Amino acid sequence: MKKPVPYAAIAIALIGASYFVVPLLATFYFSLKMTRGELGFAAYASVFRSADFAATIVYSTIASLAAIAIGTLVIVPTAYWVRLKVPRLRPLMEFISLLPLIVPPVVLVFGYIRMFGSSSVLPLTASTFGTDILLVLGYVVLSMPYMYRAIDNGLSVIDIATLTEAAESLGASRFRTIVLVIFPNVRAAIISGAFLTFSISLGEFVLASLLNRPAFGPYLVQLGQDRAYEPAALAIMSFAFTWGCMALMQLFAIRKPGQRWFSRSTPRTATGSSA
Amino acid sequence: MSFLTISNAGKVFGATTVVKGFDLSVQKGEFVSFLGPSGCGKTTVLRMIAGFERPTTGSIRIDGRDITDLAANKRRIGMVFQAYALFPNLNVAGNIAFGLRIAGQAASEIDARVDDMLRMIGLAHLGKRYPYELSGGQQQRVALARALAPRPQVLLLDEPLSALDAKIRVSLREEIRAIQRQLGITTVFVTHDQEEAMSISDRIVVMNGGRAEQIGTPFEIYNRPATRFVAGFVGTMNILRARLDRGQPQTITVAGQKLRLAAPPVTQDAQGNLSLALRPEALSLTRAEGHDSTFTGQVQSVNFMGSVVRIRMQVNDELISFDMFNSPNMVPPVIGQTALAHFASRDLFELAA
Amino acid sequence: MTLDVSAKPADLPLRPRRSPIAAGWTWLGVVPFLAFTFLFLIGPVLYLMVGAFQNAEGGFTLDNIIALGSPDIVASFSLSIRLSLVSALMGTIAGLVLAHAVILGGLSPWVRSAFATFSGVASNFAGVPLAFAFIATLGRLGLVTVLLRDLFGINLYSSGFNLFSFYGLSLVYLYFQLPLMFLIIAPALDGLRKEWREAAESLGASRRQYWQMVGLPVLSPTILGCFLLLFANAFGTLATVYALMGSGFDVVPVVLFQQIRGNVLYNPNLGYALALGMVVIMGVSNTLYLILRNRAERWQK
């Protein structure tokens, strides 16, 4: 007896797929229509030629990378320490790491502006560089739930207690243990979290706009008000970028510590010589 | 008069034949076990009776009625699953009452019946608990009560004890059998554990590769295995290669020794080779009444297993196992020593291939 | 070599014993993290919370909370809550229907993988680019609008549809709400064990009775929890709204945004109250979500 054709399920799946795909197709088509009467990549060319585009992309990229670096430096030792020494604090740490999810970015940046304003103890907003720092730290906070989760997951698959004891028995200090043993083994998890952070931070609007920094997000909004076709081109590029980040994030998430990129061309023997 | 009749049932999944030519008649109130290794098709036959798989060939009748094409929810069959499958959103009473609610019974009747069932399984005060608050054994008991509450015609159990630990398995299987006897319900029990099957079944169906190899009482299956597979699967069995002496209808050479059989063999091939089986408990280090044959060999290993000591002995090219009851006063044999194992030649029986 | 049997086991420690003070040092390890989060997350938020109850001179007052009751602000919150409820409802129902069709509907496994992968990306594709994409699709000159007009003679905008409206915005929100619901409900649908369905069948239940008495009740904590998550998700969204509607659509985040920007009469303490309101609403709905998620996990054991 053959299974009956699931017409209803197919219909639903098709409707769902078209809801997702049609806007992308429409945007792509729209982005090709800049040159009147023909389809071409003029909109994309215009975007790439724009000095503002280059400047804001560079700014946002640097800010994102800084956020990734600072986030890693703060979270990795902490997650390691908590797992190793004070496991009872783990629920508290997880709770704190999830707090950014209930604080909307607009509230967070408002708090920054008031707390670190010109008349406060730590007047970060008084200087450009200070504001840049604040922006980066804001990105660290926004990405914290994902970074902490990614790194904690990465730590859970390696037996850090035994690795630490092994390192100590071989004479390493706690600091060197972290740098030489722990970091390399959670590298994949860090990179995985990094891609997600990158994807969030690059096009971020609220923090950048309210802190008045020349980031990519505000540039996009401004462009949307001024131009017609370039925003569509940017939307497509942004989607492709997000897709790429997610794919790479997944790739690194399933990587085992020490897994090589490519298999060695010649097998190594225990003595280090190639057989 | 057969209550549950399975005729020439077969099941094919894609290119694989999982069950072929399965015939069985189960009497009303009988407890039958399907016994066999993983993949032998026993669960598939059970699911065909339940209605979750449709037989590719053959038919199934219950109480005279052909149910082969009947939907699963109309068969009035109770099923107990290996993974308990209690509904997590309902408490114990809610789970047991489920079939009764579906049948549309009055609330007062349902409550009374649920109380009866709870008492029957010995969990009278746990009606309000939820499945996640119960142990594995308790959950399985509730699953049993749930299946029996709507008074099904047939009870099916799919390896219900495999997920429990050893002690609970033993006590729970006795409980299941006692309840089954009390209710007189026709039951089919699937298991891969031969001790389990033998201890509680009226009859056992030993299955292998989709076929029923032998159907019989536990005594028959154990003492008169029909095939080599059954002999090896149920209990330990010494399987010996023997060769009939030319010209002598009843003398064989086995394990390098000559032996006279109690009766002329019938299963030998053209060269006079045949397979003989001998249960370990048929051998003994001391000659008892009726023992007319002896194997002489070297003791290879002595395994103390509690109430039984299992000894393995090398007799020329065969390794023979035999068991001795443990006795605090006995001196177990030493590895390497020469020993004599006595047995009665009529305890040797032939095996079909 | 003789074994020293005189030494009792307690005299031979396996590790050097830590002094009581050492136990205190282990707390130092988490200080950087706690300091960071306090300074840059908890601190600023608390600052606002406290500030909501202060007046310009720093004294205690409930004026700001009362000012939340002014018609404009109430209208704002009402709009935000309505939009979030509608968006969450749309996302929950659509996500459940899609997930059920794709996972339990009898389709090939690759369909599910495709939707899962896409959902992973789409749930992060909120904000400005999403608004652009929908403008290019359903805006006045959008592709679908034009196609409907030229191919089918349907004039979308004259028949009442407007992308730049409450329901148009909900449609845009759906693009990241639906995937989020799909991703969360998919494992829950997987968790519906086949044996429950079979046990129900063996006890006489029809398909509808199974869903009514077992399937949906088991899923309900997850569904409800996800609804709350979608609600909070929608409530906090700013970039998408702003990029689509400009400054005209007064949801609470936009109002706060304008306050901070200084585009309206600048009253910082009112801003604090707005922030307080937002945090309370989002905190409550996320907490309820976590409670429901724990309840669902407990049942799956």
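The first chain written gets the first letter, and so on, giving A, B and C; residue counts start at 1 in each chain.
What we mean here is this: a contact is a pair of C-beta atoms (placed from the backbone, for glycine too) under 8 Å apart; a residue touches a chain by one contact, two chains touch by 3 or more.
In this text, all values refer to a predicted model and were calculated from it rather than measured experimentally.
Novice: Shortest hop count from chain A to chain B along touching chains?
Specialist: When the steps are counted carefully, the minimum from chain A to chain B is 2.
Novice: Going by the touch criterion at the top, tell me which pair is linked by more C-beta contacts: B-C or A-C.
Specialist: More C-beta contacts join the chains of A-C.
Novice: Taking each chain's centre as the mean of its C-alpha atoms, which one lies nearest the mean of all protein C-alpha atoms here?
Specialist: C
Novice: Suppose each chain is reduced to the average of its Cα coordinates; what separation in Å results between chain A and chain B?
Specialist: 58
Novice: Give, as an integer number of Å, the spacing between the C-alpha centres of chain C and chain B.
Specialist: Each chain reduced to its C-alpha mean, chain B and chain C end up 54 Å apart.
Novice: Could you work out how far the Cα centre of chain A sits from that of chain C, in whole Å?
Specialist: Roughly 18 Å, centre to centre.
Novice: Enumerate the contact residues on chain B facing chain C in the complex.
Specialist: 50-52, 72-79, 81, 83, 85, 87-90, 98-99, 101-103, 130, 132, 143, 146-147, 150, 156
Novice: Give the list of chain C residues in touch with chain A in this complex.
Specialist: So the residues of chain C in touch with chain A come to 26-27, 29-30, 32-34, 36-37, 40-45, 47-48, 51, 94, 97-98, 101-102, 105-107, 111, 115, 118, 120-122, 124-125, 127-138, 142-144, 174-175, 178, 232, 235-236, 238-239, 242-243, 246, 253, 256-257, 260-261, 268, 271-272, 275, 278-279, 282-283, 286.
Novice: Any idea which chain C residues touch chain B in the complex?
Specialist: Touching chain B: residues 193, 195-196, 198-206, 209, 213-214, 217-218, 298-301 of chain C.
Novice: What residues of chain A sit close enough to touch chain C in their complex?
Specialist: Per the touch definition, chain A meets chain C at residues 3, 6, 8-10, 12-13, 16-17, 19-20, 22-27, 29-31, 74-75, 77-78, 81-82, 85-86, 89, 93, 96, 99-115, 137-138, 140-141, 144, 196, 199-200, 203-206, 209-210, 217, 220-221, 224-225, 231-232, 234-235, 238-239, 242-243, 246, 250.
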